[in-house]
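Below are two complexes that have subunit A in common, paired first with subunit B and then with subunit C.
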Partner chain A sequence: MTAALSDVPQLVLNGVMSGAILTVPAIGLTAIYAVLRFPNFAVASHATVGAFAGYLANVMLGWPLVPAALAAFLVAGVIGVVSDWVVLRPLRPAGLITVTIASVALMIALENLVRLGFGNALRDYDLPILRDWRFAGLRVGPQQLEDLAIAVVAVGVLFAVLHLTRVGKAMRAVADNPTLAAIKGIDAAKIALLVNFVAMGLAGLGGMLIGLDTSIDPLTGFRTLLAVFAAAVVGGLGSIPGAVMGALTVGIAEELSQLALPPDYRTVVGFLAILLVLTMRPRGLLGARSY
Partner chain B sequence: MGNYLVAMSVTAGIYALMALGVNLTWGLAGMVNLGLAGFFAVGGYVTALLTKAGAAIPVGMVAGALVAALAGAVVALITARLRADYLAIVTLGFSESVRIVAANEIWLTNGSDGIAGIRGPWRATVSPTAYNLIFLAIVLSVLIVVLFVMHRLAAAPFGRVLRALRDDEDVAAVAGKTVLLFKVKAFAIGAGVLGLAGTLYVHDTSYIAPDIFAPLLTINIVLALVLGGVGNNAGAVVGAVGLVILLEGSRFAAPLLPFLSAAQIAAIRELLISGLLLVILRILPGGLVPERVAPE
Partner chain C sequence: MTFTVSRRAALLGAAALAAPRLVRAQGAKLQLGVLTPLTGAGAFDGPRMLKAMQAVAADVNAAGGVLGKQIELVVEDDETNPEAAVRAAHKLVDVDKVPVIMGTWASAVTMAVAPVCWESKTFLTTVSGADTITQLPHQGYLIRTQPNNFLQATKHAEFIIRQGRKKVFILSIQAPFTVPTQKRLTDVLTPNGVAVVGSLIYDKDKTSYRSEVDQALKASPDLLYLNGYAPDVGVVLRDLYRADYTGAKLTQSYALTEKALQELPKPVTEGVLTVQPSADVNSPAYAAAVKRLGIATPDSYEAQATDWISIVVLTIARAGQATGTAIRDTVRQITNSDGEKVYTAVDGLAAIKAGKKIKYEGASGPCVFTEIGDITDCKFRFNQVANGAFRLVEVM
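So, the complex of A and B:
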């Protein structure tokens, strides 16, 4: 069933909401790319790990939403650091293709660890069911607004850290020019560790935010993989402000695609966005060195 | 047991074909293909639809390989000027998109139920045992032809240019090679071989559905290739045989763990495959049969 033209304002609103949530894992992906220069497909499984960590905190321990979201961030971040240190870091000298393929293998391995523990069943967070708010003919769920707020705060904190703190400046320096950063005495290995923690933490938080809207299962992260990559590529791989713009663009495009396509094709929209950008403007909307 | 071994040899032959296709693009040209399941699927669906519509099986198979090659050429054209990581993203996106289209265009592909009852060569006229043997002979003949062609391609000037591209694109361009054309050709041939493997697969099993093309298939083939040694055609075949022994061996091990659910056993198998790939990438970067680089 496709949507009607009169639904456009509602679709755009939905797109902004889902795009804002998509921003969180997309920043994770693009940040790793900026510093380590490879597309880390394991972002998908870290989103799943975060979604399940948040689920454990929320449903098993009974934590409210915000502490559970923090748990999702921390657990995914720690697993991100450990898995990178043990699995991907030793392979980096072998070259781009090897590390990229290893990240796919890591993605499948982590996803199956979650499956081993939790099975394939769909699981729901323990959240109060609230009536949608209506204004000016538009519908929005209070839960969606809370998810949006968490996403906005997370991204806001990240921007503040990157621009206002010493460590944030060091991260940007390494991304911008690793050689110059090394000359200035910045320890690139330490920065890589930190970026992995923050980026995979964001992937985990993003996985949970995506799961809050529906249900979660071991494939939660993988299903959003193309949208996350589309957001990062559309914005320009390696550019964090680009990831924000890319995520909003992809979020809105996915919703508007329902005017012409069945909802199952949302994922394909992300792929088409990637193709379009790579054909017309490979650097992406804001990226400067994604070639 | 004899039937079982024949069936497993067919599977190994199809995996070997896929590994050869990937070896040309990855091993020689240094182009990564994370969506090889998608090209395999394109070949399979094309021949399934054509032979269902009445076309002869060889016609369906050639058409399947050609359409897959065409898809590969388009993918390579879009990404050829970009860094290898974009190819990784686009190929993975391609295979996922193929899967989603196959699952949703029910009028064409019968959706996730898949297409059953696809014809096999002489299946209707001979006994199942004889059929398996005939099919094994077909797979092995195709494999030998492709192996020979790949061997010639690797030794030919074409193969040398691809290796030059892999090692340094700029140098190859300065030497007057049209980098874009070589990359597109290599990727199209590789995708065509993957499509051909897909056509063999559906005529063997008589069935095709979107589930078959999960990312794990890609990891399986990458594992076969890495096991055998990237860049080496004989290694691709050795790796495929090793992979099938491994996959089947883990199937026999499953009853030893009766306290696990089916989903958990599947999870352990996938963990083993992906974990093994990571271990081999780490300790055996050249594979079991490393590429011999001719002395300069």
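So, the complex of A and C:
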């Protein structure tokens, strides 16, 4: 059973919503790639960590949505810095492959730490569930709009920091040319630390946003890993505007695929996107060097 | 010198190996194999199934045993792992030479152990549900007391008909049981005037099923059959609430667990119907199991384990010999007979001694087996969520 042409507006709307949420962790992945030049698979487990940090703040401490989302960002960011410092940083001299594989191991370890503390059961945030709003034959959930707003604000703040502040310019400089940045007196190690904090924080926030609409468990981050990678690769790994474009493209494409494919093939879209981009335009939609 | 020592050691070792066999021969015990998961994913059910069998064995032994021998259970752990299970099965078959192995739980484990059993002419009883298990070329050396997917779908369809629903949409996860279940539901529903207005198979691990839900609701069903697992069914239920769906929803109890019920917002789960295979809670055999085990409500697994050992013991008594082939050839004289109904192994043994023809009716259900070893019928428990808690609708 596939969708009809008349469903296109609703499918696009659904795609924009899911793509917007995907943007947040995709930026995390691509930012680390831009500065440290390796795909950090541990974004998945940091998304889980953020989801559970937000859960603790929201359910145990009774915090409302926005402070809980901030907690998700901060906790995942701090754990991102610590885990990078302890596990990945010492391995960086060994080369790209070693660090990448170590990031997979880190992902599995963190995920199981969460499992040790919280078990495998599904958990839900303490938020009221609301009926969708309907307009012009379309429907959209209030929660989706709230998620969208949080994602837009987070991405907006990140762009502002990157373009308007000294530290943001320093980050872009290191990403663009680490040697030249070092000559100008920018401490690359400090920038790496900062990028890790922000990127893993965004992954954590993304994990919570995903969890708001569903339930969370230790696999929350891992489930979306493929889509996050697809978004980052489609946009051009290392490009932050690219990650935004890529996430929206993958989100909308997954939904529109239902016009031609049965819904059980939705995951194929992520793989196809990666395959197509790597074959036709390896640098991604926007090219790897745009921040 | 070294040579002498090692030869002595070898002799001692040989004597030690031979000893248990001699002891066994003198003790005149009847050894029956038990292979339940005591560790791994099945570690919740396995030990309880073992206890249920031990309790029946104790009752039978207290009443004088079977064929004049006391029952001794030889217990191995299948670790919920096919590889470990095959090793354990070989030990039971080759070393202990048991006529029967009772207890495999996971379908993958049963698929691996079954060939070991039929090749050695050892009888196997299991709770695994995959349709393919009884389709193996097991030559009759296998029975299962768990309803297979076919029977489950039949019972679900009959429930939907009883509920008076007219338009069913089937929303399923991509899984091996999806298509057979869809087919069976349609085959039972359609001739009874219930239209299957559509079906859709979705992908697991998605964060939203809004588009899928839209597709389903376009067919305006009055019952949605949600054939998935807990993570995705939770998301689908939320998306159904958001989309203002007000019709009925039916799902497996493992897809909407007690725990999930506590976590999901109450409006989302309100009115959801769940179904699970049930022990036959009104049967005398179940009442006897309650008393024997000292538990208020033994579950389906404890009931099935009770039935395995009861059926095996009665079959051995009826056949007059304890071999796998004798059990295979005689088991249906106990389960598929029109004789006097008995509900416990002890009562059955007494009736056989008195020369009566018997029919064992179990705690898990009537225990009538098809040619390939499937049960023909069993009870199902239907619950409905009301204000965040399960309420019994019926046991049918």
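As a working rule, the second predicted complex is superposed on the first by the 279 of 291 C-alpha atoms of A that agree within 3 Å, B and C clash if a C-alpha of one lies under 4 Å from a C-alpha of the other, contacts with A are read in each partner's own complex, and residues count from 1 in each chain.
Here is the rule we go by: a contact is a pair of C-beta atoms (placed from the backbone, for glycine too) under 8 Å apart; a residue touches a chain by one contact, two chains touch by 3 or more.
Quantities reported herein were computed from a predicted structural model and do not represent experimental measurements.
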Which of subunit B and subunit C A:T179 touches, first, second, both or neither: neither
Which of subunit B and subunit C A:P128 touches, first, second, both or neither: second
Which superposed partner A:A3 touches (first subunit B, second subunit C, both, neither): second
Partner chain in contact with A:R139 - subunit B first, subunit C second, else both or neither: second
Which of subunit B and subunit C A:T267 touches, first, second, both or neither: both
Contact breadth on subunit A, by residue count: subunit C or subunit B: B
Subunit A positions touched by subunit B in one structure and by subunit C in the second: 262, 264-265, 267
Parts of subunit A lying in touch with subunit B, wherever the complex brings them together: 33, 38-39, 41, 87, 90-91, 94, 96-98, 100-102, 104-106, 108-109, 111-113, 115-116, 119-120, 222, 225-226, 229-230, 233, 237, 262, 264-265, 267-268, 270-271, 274-275, 278-279, 282, 291
Contact set on subunit B toward subunit A in their complex: 26, 30, 32, 34, 78-79, 81-86, 88-90, 92-94, 96-97, 100-101, 103-104, 215-216, 218-219, 222, 261, 263-264, 266-268, 270-271, 273-275, 277-278, 281-282, 285
Subunit C residues touching subunit A - in the complex, by the definition given at the top: 174, 198-203, 205-208, 210-212, 214-215, 230-231, 234-235, 238, 241-244, 259-260, 263-265, 267-268
List of subunit A residues in touch with subunit C within their complex: 1, 3, 7, 10-11, 14, 17-18, 21, 121-124, 128-132, 139, 141, 210, 213-215, 217, 219, 223-224, 255, 258, 262-267
